[in-house]
Structure formats: structure tokens, C-alpha cells
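What follows are several structures.
Both complexes shown next keep chain A, but they swap its partner, so chain B is in the first and chain C is in the second.
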Partner chain A sequence: MNDADWLAALDHELALRGMTGSDRAEAVLEAEAHLADSEPGAVARELFGPPDRYADDLAQASGAPGRRRPPDGTTGAWLLQADRVTRSYRGRPALSPTSLTVAPGQVVALVGPNGAGKSTLLRLLAGLEPPDGGTVSRRAATGWVPQSGGLDPFLRPVEHVELFGVARGLSRADARRQGERLARHLGWELTGAPVVGRLSGGTAQKLRMVLALVGTPRLILADEPYQGLDTDSTRRFWELLWSVCEDGAGAVVSSHDPEVLRRADTVLELQPAVEPAGAQGVGR
Partner chain B sequence: MNADAGRPTPPAPPADLSREWIRGVLEPCLLALVATGDSYGYELASRLAAAGLGPVPGGSLYPALTRLEKQGLVSSRWRAGDGGPGRRYYRLTAAGQRQLATDIERWDSFAATVAGLLRQGATA
Partner chain C sequence: MTLAAIHARLTVRGLLRRRLPVAVLVLLPVALYLASHDTVGRSVRALVFGISWAVSTVALFSTLAARELEPGLWLAGHRRRELTAGRTAGLLALALVLSAGFWAMVALDQPVRSIGAVALDFAVTAVVAVAFGSAVGALVKAELEGALVLFLFAGLQAVANPFDGWTRALPFWSSRELGTWAVDGPAQGSLAGGSLHAVATVVVCLAATVLGTWGRRRLPSGP
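Presenting the complex of A and B:
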């Protein structure tokens, strides 16, 4: 990341933390002035650290609203509850009994090796398929970011946004406005984009993210949502997700990104499901 | 204002000087530096280094200056630079002056307490 990128990232991060107008512009200018004064070869990232952490410190120091509130686990309010859900495919267990609760503002990161059932659990949580055992309860409208699919190749992105937005109670105009704003956060212009069939894989993934967030559902489920995306777009998606969770949404995401794991409130590690001993005839 | 200009080399910071200690004293030190005249971030960092506190990264410096300004202990204004983006100069306020006087007293008493305690351990 060169210094110009670092400064642009700082500006973006400060905006996400509610730092506005001249405060934000001055913070960025001051860092720029410091760099101009520094020895040749000085690098913004070394002098100031990663832009998101520096923005955290500055926003806190200036009394800006800040990004993360601790999730509200005290009131017993929850958005999603799964109780000992299991799933097998063709007799092979795909998910060991798993329970979790998501409170407003809480981000749960799912980790585990391939085959541990991360995608299976997310599909159960999203209600896309029923569990074999256990129960899933949701109290909130749900935004879902799949790894693939979910789009109509013959519709334009803006039409997708209208469909999803209207389904979540927005007017078409509001849906379009929100979609444009979300897309811009991801570094993409929604208006004028061609039908989905002609989008690149990365752009289609940005559309899935926009669709998950339009209409501000209170629960976001995302299955390794960064597939096919460049690192900058991935970072922008996470910033959007953190900011909606700051506003009280809850989220369950599968990810191995260390930064995501560091910032998640809860990390849930799934182990590959094992067949019951009796199934293989080796039980006592 | 720049009393360090003629000095040959700044004293090296003690190798084991804890970053936590520096963080704890950074704000009072900044007040003291600004008390000798208006100054901007990069210059303050250079003067801290010259005084022996080692390099203070911008990532610690500017949040500290922002806190001081938020508390009304310093004020700031921009002065145009030659070609560059200009510099933000910090100035001690009357409240800052009172805070500095309090800090000096509190520090002296605190440092004496800690020194006494540490020596007690050494002679035990």
C-alpha cells in the first residue's frame, strides 16, 4: 500500500467511524504533512500503523461515535438461535450438533477445516434447507451472501436491487438509492451496469453483497463472501459489515481472514462431523 | 524555539524504556513542549526524540494531540507551508497551562513514590 492509498484508506476509515467534515479532512492532511516532513523513505504504514487502527485511535481521541459497541448480550435479546442442529447428506454426517445465539451487534466468525460444515450450517441458519435434527429460530429479516449463484443472468444489477429492496419493504426509488450507496462503498457503480450474465465474477460478488445489505436486514449471513474479490473490495465489504453491526445488526460469517477473526465478537470453531460409531459397525 | 538545533546527537533512549511508560507520560510531555512555543506534530516528535524518549510514531502522537485539543488544553490552527499541505500548529491554552502545573506536581510526587518503592526493593 503506497502513501496515497494509505491516506485514502484513512479518510474512508474515519468516515466509517462517524468523523465528519473538517475534523476528518484535517486528520488526513496532518498525516500527509507529517509524511512530507519525514525522512525520504518513511512509509505511512510504518509511522502510523494500519489505517483502520489509526482511525480507531483518532476517532476515540476526538470523541467521534466510534465503530464497535459491545454486543447487547445482557437483555436476552437475540436475532438468531440455533439449538443442536445437525445435517447429513446421503447418510454421511455433514454437521455435528451445533448451537449458537446471535445478539444485536454481535459478529460470529465460523472457522474450521474444509468439510467441517461451515457452508452447511450457514444454509441451515439462512433457512435454505431444514436441519435433520435441532431447531433454528430467526427473529430478523435476513441478508444472505452466498459464494455463488442467487442471481438472474438476464436481469440488470439495478433490477436485482429493486426486487430485493421491495421485498424488504422499500420503495423502488429508495431501494435503488440504497443500492447505489452500498455499491459505491464497495468501489462499484451500480447504475448502467449490464445484465448479470455479462458481469465479471468479482462484480457479481459485489452485487450479492449489495443485495444482502439493501433494506438493512438485521441479520447478515455470509459464506466466505470474498471469493473472487480483490483485497481492497474485500476490506470495503468488511467495513460495511462492521458498520451495520455497529448499528445493531448481527452477523454470522465464515472466514479465515485473521483481521476478521480479531474483530469478531465470537469465533466458533467447527470440527468435521464423525459418523456415529454404530454406523460403521465398530461400536460395542 | 528550537533549542536542539545545535546539539550533535540526541541521547539514545534507554533500550528497555517501556512503550507503556512513554504512553503514560506522552501528554504531559507534549504540554511541556508546546508551553515553550507553538509547534506542529513532526517538530514535536523530533523534539521528543532529541530529548531521549525515542521515536514516537505518528500513530501515538496525533491521537494524543487530538485528546489534548478535545480537552481544551491546546488549540490548533493551520499555517500554510511552502508548497506542501501546510502544518497544524498547536498552542497551549490557559487551561493547558494550569494542567501542566498540576502535572508537574503530580509527577514529582509520583516519581518520588515509585523511586522510593523500587529502592526499598533493591536494599531488602
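Presenting the complex of A and C:
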């Protein structure tokens, strides 16, 4: 990473931590000035360390909120609405009647035990399966992070990015550029990566996230997106998700991880469909 | 470049990276050809049989593999017809190039009555094989089932008496008919009959592919 890249990464990391425009610009300019005053040959990474760590320090010192503002729920705008959707497989109920609304800027967490219907609900919300009852309405292009699969093991990550980016209206070059930027935010270099079949599970999961976000869809549906990710990558995923939601996107994320409860705006707890209680939304 | 063209290019690229299957794709027809090299007619028919089997198997596996990627692509904005058209175009390009190579081998190696007619037979076989393999891939649930269906048809094609009327129900009847026409002349095989059978087979397979792909799951209706 050269100095220019490091400064750009610092700027982005500060944005993710909620630093406003002028404070952020000042912090980046200050780092640039320190760099210019330092000994010849010094590089930013050696002087300041990784940009995310340095951004943590700066954000803490400046009193920045450290996470995004909660969405404004007063406008009534929505990106996704599900009204009492149900689903059965071969007569066995998989999802009790469940309702859900996702507003711009909102992150909804789906939690519940195995078999509660989290993945089923997400597939219904995406339109990948029809509900047996109820309705799903979407007002936004959708980015989908599947729990597994969703990739061609014989294509390179950059080729996947091309396919998904062009479908969302980007040129191939822009799709690559945007994919590279998103991957870098997740701590991964897209360019030069081998075919998907040779990637680790965590890196394949990062690719699924990049594919969901390239082309800037306004609705993100993520099914257990943490699979195979380390702590740092999980944090980066959330920062990226908050960042796109700050720009007006909405997201639904399913997880077993209690961490999701702390990071989401709204929690929808699902119970296995055999229980009469069905679903109950817990807004925060 | 259109979405279908990008999909076609990446279909070919993905297939060519599967080195062992590509090697078998080339070696299977060649092995059958060499094993029946003693007479022109037998060797050409064996080669056509090998092409049909190998190409339809590749089309089957490519169609099944695409199921992983396609839901995300649908949601991203690819249309079903773009995905199917792109994948089919990629498979056809690969199959026709392969057939051209086999045709060149026969042209150099065998005193065939009409080498142009052999070219037609190989090209038609490649097209029918892509259509048939794609249709089976769209209709079955898993790779094993699809492979067994292909074995069934390939086995019947190999052992059946081609003069029995029921063999016209086999997808590659046209390949054998056109091969006979190319090697033995119009008195033995019919260009019109073989061509009509091939067109009908492709139409039926295309319909099966569309129904199988579209019926498997209702696709997103969102923007």
C-alpha cells in the first residue's frame, strides 16, 4: 500500500467511524503533513500503522460516535415490506406468519434457533421463493449474501465482480474498481486472487459480500454472513454495512451470533413454526 | 459487451479451466474413433457418438453448476433469457470448435465420400448435444441423476438397431442418419430426415430447458 492509498484508506475508515467532513479532512491533512515532515523514505504504514487502527485512535480522541446514527424512522419511507408471509415444505411449516418493514438506513437482525425459518424468510424477502401466504413488496434493487454457494468455483473473484457489477449497470472497468475498493474495505485484495475454488472459506464469504454490494443496491439481504470470518473481518463487514446504510440502503441480516443484537437497529426474533407464537418483532 | 456475451465468455473460460474434464471431452471421441478405425463408416459413427456423449455431459454439468451462481445474478439484474442464452452460446462455441478439430482429423485421416457432409453431421451433433445436455440439466435435481439419464440414452443409442422405428425417439438419431448420409450416400441416409429430426430435437430440448429452469423456482419480481 503506497502513501496515497494509505491516506485514502484512512479517510474512509474515519468516515466509517462517524467523523464529519471537515474534521475528517483535517485529520487526513494532518497525517499527510506529518508524513511530509518525516525522514526521507518513510512510509505512512510504518509511521502510523494500519489505517483502521490509526482511525480508531483518531476517532476516539475526537469523540466521534464510533458507529452510525440510528435511521430516521419518521418519514414512512420503506424499501421492503413483508406482510404475514408463511412458507411450508411438503406440508411441514417452515415459517409462521411474519411481518417486517425495512426503512432506508435501517439494519434489521433476524435471530432465532435452528429451524426458526431465518433462511426461509430471507429467500422469501429476496423473491427467490414464493410465499405460501402473505405478500412481499420491494422498492429497491437487492444485494444477496447467501450462507454458502452462490459462486462458480472455476471463475476468478474479479470475473464474478464483473458479472454482478455489469448486471447492476456498471461498466466492466467500474465494476472492477468498485469491487476492488469494497474488497479492500474488508481487508482483502481482489486483484490477482485465484479462482474461487482455491479461496479459503472466509475469503469466499468476503467475495459474497462484495458481490452483494457492488453496483450499490439499496437493499442488502445477508444470510449468516459471518461464516468463516475472523473478528477483524466481522467488524469491517459491519462498518461497510453501516456505511452503505448511511447512504440510504437498508439491510436484513440473519445470525446466531449475539453480536448482531448490539449492531442492528431492529431485532426480529423468529421461533420455530410449530410453535403457535410464530414471530415477534422486538424494535429498539 | 452485452450481459449474455459476458456470460458466454465466462462460461467458456470456466469450462476451459476444468482441465481433466476438457481432456476427457477430447479423448473420449478420439478413443472411440481409434477403436473402430478399420472402416470409414464405423469410425465416423463412433466419433459422432463420442462427440454427442461428451458434449451433452459437459452441457449437463455446466447447467447444473450454473444453479449456484444464477440466483444472485437474477437478483443483480440478469434476465433468465440472458443467462440461458449466454451459457448456451458459450457451450455451443466450445462444442463447435471441438467438432471442427475432429472434422480436421477425419479429413486428414479417412477417405470419406463427402467431407463437407461430415462437417454438417459433426456441427449438427454438437448443437443437438448442447441442447440435450442443457435440457437434462434443467430437468434433473442433481448431477448423479443427470449422468444416469445421459448413460441411459447413450446406451440405447449404442445398442439399438437403427432401422427400428422407435429409435427415432432417441435424441441423436439425426447424428447417425446424417453420418450414414455423409459416408454411404443418399441411398442409405437422408439429409432431410436427419436435419428435420435435429431441428425437432433442439426445439423440444429448448422448451424443456425453459420449462425446467423457469419452473424450478419463481424468479424475483422486484426491480
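Simple rule for what comes next: the second predicted complex is superposed on the first by the 202 of 284 C-alpha atoms of A that agree within 3 Å, B and C clash if a C-alpha of one lies under 4 Å from a C-alpha of the other, contacts with A are read in each partner's own complex, and residues count from 1 in each chain.
Here, contacts are C-beta pairs under 8 Å (C-beta built on N, C-alpha and C of every residue); 3 or more make two chains touch, one makes a residue touch a chain.
Quick caveat: nothing in here was measured; it's all calculated off a predicted structure.
Engineer: According to the stated criteria, A:132 is in contact with first (chain B), second (chain C), both, or neither; which is it?
Structural biologist: It touches nothing on chain B or chain C.
Engineer: Just checking: does A:38 make contact with chain B only, chain C only, both, or neither of them? Give me first, second, both or neither.
Structural biologist: A:38: touches chain B, not chain C.
Engineer: Can A:58 be said to touch chain B (first), chain C (second), both, or neither?
Structural biologist: A:58 sits against chain B, while chain C stays out of touch.
Engineer: Scan A:224 for contacts with chain B and chain C and give back first, second, both or neither.
Structural biologist: neither
Engineer: Considering only the touch criterion stated at the top, classify A:174 as touching first (chain B), second (chain C), both, or neither.
Structural biologist: Touch status of A:174: no partner.
Engineer: With the two structures laid over each other on chain A, which partner does A:232 touch: chain B (first), chain C (second), both, or neither?
Structural biologist: neither
Engineer: Looking at chain A, does chain B or chain C touch a larger number of its residues?
Structural biologist: Touching more of chain A: C.
Engineer: May I ask you to decide whether A:83 touches chain B, chain C, both, or neither, giving the answer as first, second, both or neither?
Structural biologist: The answer is neither, since A:83 touches no partner chain.
Engineer: Along chain C, where are the residues that touch chain A in the complex?
Structural biologist: 1, 3, 6-7, 10, 13-15, 17-18, 65-66, 68-69, 71-78, 217-223
Engineer: State the interface residues of chain B toward chain A in the complex, per the touch definition above.
Structural biologist: 40-43, 45, 57-59, 62-64, 66-67, 70, 78, 81, 84-88
Engineer: Once bound in the complex, which stretches of chain A touch chain C?
Structural biologist: Residues in contact with chain C: 126-130, 138-144, 146, 149-152, 154-155, 159-160, 162-164, 166-169, 172, 195, 211-212, 215, 217.
Engineer: Going by the contact rule at the top, pick out the chain A residues touching chain B in the complex.
Structural biologist: Against chain B, chain A makes touches at 26-27, 29-34, 36-38, 46-49, 53-54, 57-58, 60-63.
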